[in-house]
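Heads up, the next two complexes both have chain A, just with different partners, chain B and then chain C.
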Partner chain A sequence: MKRRTGLSWLWFSVGIVYFFLPLAATFLFSLKGKKGVLSFAAYRNVFVDPDFLKTFGFSLEMALLTVVAGLVLIVPTAIWIQLKLPKAKPLFDFLTLLPFAIPPIILAFGLIRTYSRPPLALVSSPALLVAGYVIVSFPYIYRSVDSGLRAMDLRGLSEAAQSLGAGWGSLMFRVVLPNLRTALLSATFLTLAIVIGELTLAVLLAWPAFGPYMALMGRNRAYEPAALAILSFGLTWGSIGLIQLLTRTDKEKGPGIGTGAH
Partner chain B sequence: MAFIELRDIVKSFGNNTVVKGLSLSVEKGEFVSFLGGSGCGKTTTLRMIAGFETPTSGSILIDGADVGDVRPSRRNLGMVFQNYALFPNMTVRRNIAFGLKIARAPAGGTARGSASRTGKKIADRVEEMLDLIRMSEFGSRYPHQLSGGQQQRVALARAIAIEPRALLLDEPLSALDAKIRVKLRDDIRDIQRKLGITTIYVTHDQEEALSISDRVAVMKDGLIEQIGAPFDIYNRPATPYVASFIGTLNVIPAVAIDPAAGTLAIDGQVIRARLAYDAKPGAELCVSIRPEAISQLAGGLGEGELADSNVLEGEVINVKLLGSIVRLVLSIGGHKVSMDGFNDPELTLPAIGARLRLLVPSEAIGVSKPEAAPVIAAAEEDK
Partner chain C sequence: MTAHAERPKDADNDATASLGGAAPEPRREFPAGAPGPRVGAQRKKKVSWAWLGPILPWAGLVPFLAFAFLFMILPASSIVVGSFQTEAGAFTLDNFAHLFRPSILNSYLVTIKVSATTAVFGGLLGFLIAYAISLGGLPKGLRSFMSTFSGVASNFAGVPLAFAFIATLGRVGFLTVLLRTLFGFELYDTGFNLYSFWGLTLTYTYFQIPLMILIIEPALDGMKKEWREASESLGASSLQYWAKVGIPVLLPSLLAAFILLFGNAFGAYATAYALTGGLINIVPILIGAQIRGNVLHDANLGFALAFGMVIVMTISILAYTALQRLSSRWVK
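== the complex of A and B ==
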């Protein structure tokens, strides 16, 4: 037993070193912006760069629009499939995997080809970028919402609400969405984390987003890209931490509430 | 006119017809149970009344009006589900208030019994309901902080808070422990009597159905086999299925000897039914005897007893303790016969293989043709 525990710790330590050593090295490198001393000079350079705020702000805006569009599109669809079309669920599950199978570059060219001429000349509109981001984040939103729905006995609750006089509006806003809170938060944060750093679609559709900014920095500077990498990690981990925190709060409140797919 | 009326209801799912032309009338204030095994169509029928399923053909009338096109949310029927279906994000109080708030809300609001309640009236009604289910101190808890029995009581309170026209219960006790089940079914019946609410109750548990219903509808293969008061269902089963489904009934092959005198032979042992029966001597018949009508003969028979009773001899093949009842299973000429007696600490249980003499009163013996419904003799006499 003792030997087994020792072995577990060994593997755990190997894992920690494997994941954290590069990160620690990157962090250390990012602090070497000034010769001979460790400082946050690279971070300062990043923050004072007007392009940083501009691109980050743009990506954040796009990410929020993606979250809204994605949730508005996917939540009712997932509910409808669960309640009215359960037989279509395997097909839908398969569709949600397509964004993983199709490389973003193919997606981007497909979008450009389809929407670059009338009557659907949308290639210069940010709506096309948001649409692309909705496709990219589709698996994450759908999986989160679906696991939330499965955890809450949607059919039982919707029938109970209907028998008490609730129409579809009351059912959605008083019963389904409050019980999906954690799943929706999971979907939101995962989408934010993915979209803010997205590179391919933003580059090919020519938008001044945060992903291309990071790539540009990587080519032209030494220490600032390391600082950006650490900031980007911080953003993703912060999102995951928030999901965990809110999930825990909801777990204390009661079971039957989806925790989303992470 | 009946309060709830089902007229020739048929329900098919693809090629599978689960309800096959069912008709039923339920009076106002009546407690009717649908009793049957899995797949008999009882839950589907209830869900059609609630509006969650649409009949393939036939019509459902509530209070004289056809509700075929009425959405579930507009039918004003309280429903209690097997898995409680309490809203996990709401406290007990908010669960009970849910339907009341919907009725008050102008958007999507339905014209319910006592619509447009003020907040104060809703709070009062919620407290009244909590009081009714004896859970006043649990109002601030969330569903997951309650036991199964408590959750189902809250579900019941939530369903009746809106003063529905009828209460529909879909196997509400089947997920609960035996002891809580008995307690809660009595509670349901008490509350139903107190409020006088028309109730339809679905169960597969015959004891549950017999103990709380005004009438029991025994269902099989999408049809009602028999509907009647629990006493009639138990004592006068109309079909072989009802007889075998309700309680335990020994149905033993016998041969007619003298129909006018009521005598028959079971494995060569002659017995006499109290009433004459209609058959030719030598005909193959069935004798029906409830296990509780049979007793063990300790000594000899008195003169008076001999005239009204029969003695059968059998070999003990199993002894089962069913709590307050001890059931002996005997073999008489290769046929299994059950005999029930009250459990008594002084009782000496017979060994397996022991031969016993059984006393069977003549009035407890029903005689029927093999293909017909078994006859419960004592009840037959009452007719």
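== the complex of A and C ==
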């Protein structure tokens, strides 16, 4: 027994080293922006670069549009299926998880080929980028929403609400959505974290987004990319750590919530 | 636990039951006279529902299905169609002949090698860490920390991850310089190069390990303590337990996880693009160059390349689903 715990500690430590050595090294590297001293010069350079704000703002805007479009597509459909059409669930599961199996590079290629000529020449419209992002975030949004729905008794709640005279509108906005709050927040933060730094679709559809901006910095600068990496990690950690905290407190109420795996 | 777990099931049953009988109806035991006109109205409604009953609920799915078709199914299938066409649109199989050019074949080999190596290394380390935190007797707090961190780290990919490894192990990276100044050890004299095979492998492994932890944790939780106790009380050694019980039970989950990791690395574009500046010869990078039109001037080659990738991914999904079905016998 003792020996087994010892081995456990060993593998746990190996994991910690693999995960944190690059982060620590990157952080220290990012402080070398000024010769001879440790400073936050690289971070200052990042923030004063007008392109940083411009591209980050663009990506944030795209990400917010993605969140809205994705939630509008997924949430009512998921609720509808659970209440009215349970036999469509396998199809819905399949279609929302399918993007995991389609690499973004393939999706980008297909979108460009399909929408670069009439009748649907969308390729120069940001709508196509958002549409691609919505597809990419389907699995993330669906997993959050599905686990949220499974943790509540949707059928019981809707019957109770309707027997008290609630219509569809008040059922959705006053009963179902408030109960899905945590799930909706997780979906939102996860989508933001994934879309803001996304590179593949943005580069191939030629948009001045944050991902391509970072890649360009990587070619031209030495310390600023390290600062960007730390900032991005902070962003990812902030949004996903927050979600895990939110869902963890929910988890105690019911076992229906899945892990964050993908 | 059981009360909670059963509730959704009941809800599902109710739903299917009421689906067969069209929309939920008010009970009929009411004396016919009492709410007179309302009953009449309900009856009228019931007739129309019975008509549309089976079709109407599908109407609620139209927006989602239309979107998924337009922006996922249609683009993905356009690649399959395109790989059978000449530039003029006529049917051809020539594109596939290109796949067997030595340079293309080689890029497939490199991609498969990177994906398999990272899936094995990442999978093995991820499994050992997951085992340590779930069954290995470590304090509970470490487990929730590692799980949370894995959720973050498995999504920490792409450009920032590449930057982190350049800052750590690049030519002037922190660790490279540290090794030189402390031990006089020249990492790049050993043949190591962050911008080629081993660098890519090391970098991909960073997101493969946490992904493995997240995938395999539920399977490990499904390993019942009783199995181990039973085999020990029958005199089995630890080795025998693993050979006869542990590994056979876990094998489908392990293989499924391996396939998932393989596919995850096979399709990765952003990390490789940012790490190597698009100079490494792997399939996603070649497809990207093809789309941007600045390397190969053979438009239909892009389709063939992408089609090859679609095939690899399809085989992976089929194998994954089959294995999942096998492993769900044990992991509930």
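Here is the rule we use: the second predicted complex is superposed on the first by the 229 of 262 C-alpha atoms of A that agree within 3 Å, B and C clash if a C-alpha of one lies under 4 Å from a C-alpha of the other, contacts with A are read in each partner's own complex, and residues count from 1 in each chain.
Please note the rule applied: a contact is a pair of C-beta atoms (placed from the backbone, for glycine too) under 8 Å apart; a residue touches a chain by one contact, two chains touch by 3 or more.
As the structure is a prediction and not an experimental result, all values here were calculated from the model.
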item	value
Touched chain A residues, chain B compared with chain C	C
Touching partner for A:M214 - first (chain B), second (chain C), both, neither	second
Chain B versus chain C as contact partner of A:P103, first or second or both or neither	second
Contacts of A:D153 with chain B and chain C, given as first, second, both or neither	both
Partner chain(s) touched by A:A161 [first = chain B, second = chain C, both, neither]	first
Which superposed partner A:P178 touches (first chain B, second chain C, both, neither)	first
Touched partner set for A:T77, first chain B, second chain C, both or neither	second
Partner chain(s) touched by A:A121 [first = chain B, second = chain C, both, neither]	neither
Which of chain B and chain C A:L53 touches, first, second, both or neither	neither
First (chain B), second (chain C), both or neither touched by A:G241	second
Overlap of the chain B and chain C footprints on chain A, listed as residue numbers	153, 156, 254-256
Chain B - residues contacting chain A, complex	50-52, 71-79, 81, 83, 85-89, 98-99, 102-103, 105, 107-110, 112, 142-145, 155, 158-159, 162, 168
For the chain C and chain A complex, residues of the former touching the latter	1, 4-5, 7-8, 11-12, 14-16, 19, 57-58, 60-61, 63-65, 67-68, 70-72, 74-79, 82, 125, 128-129, 131-133, 136-138, 142, 144, 146-149, 151-156, 158-169, 172-175, 205-206, 209-211, 214-215, 217-218, 263, 266-270, 273-274, 277, 284, 287-288, 291-292, 302, 306, 309-310, 313-314, 316-317
Chain A - residues contacting chain B, complex	152-153, 156-157, 159-167, 169-170, 174-175, 178-179, 181, 253-257
Complex contact set, residues of chain A against chain C	1, 4-5, 7-9, 11-12, 14-15, 18-19, 21-23, 25-26, 28-30, 73-74, 76-77, 80-88, 92, 95, 98-99, 101-115, 131-132, 134-135, 138, 150, 153-156, 190, 193-194, 197-200, 203-204, 211, 214-215, 218-219, 222, 225-226, 228-229, 232-233, 236-237, 240-241, 243-244, 248, 254-256, 259-262
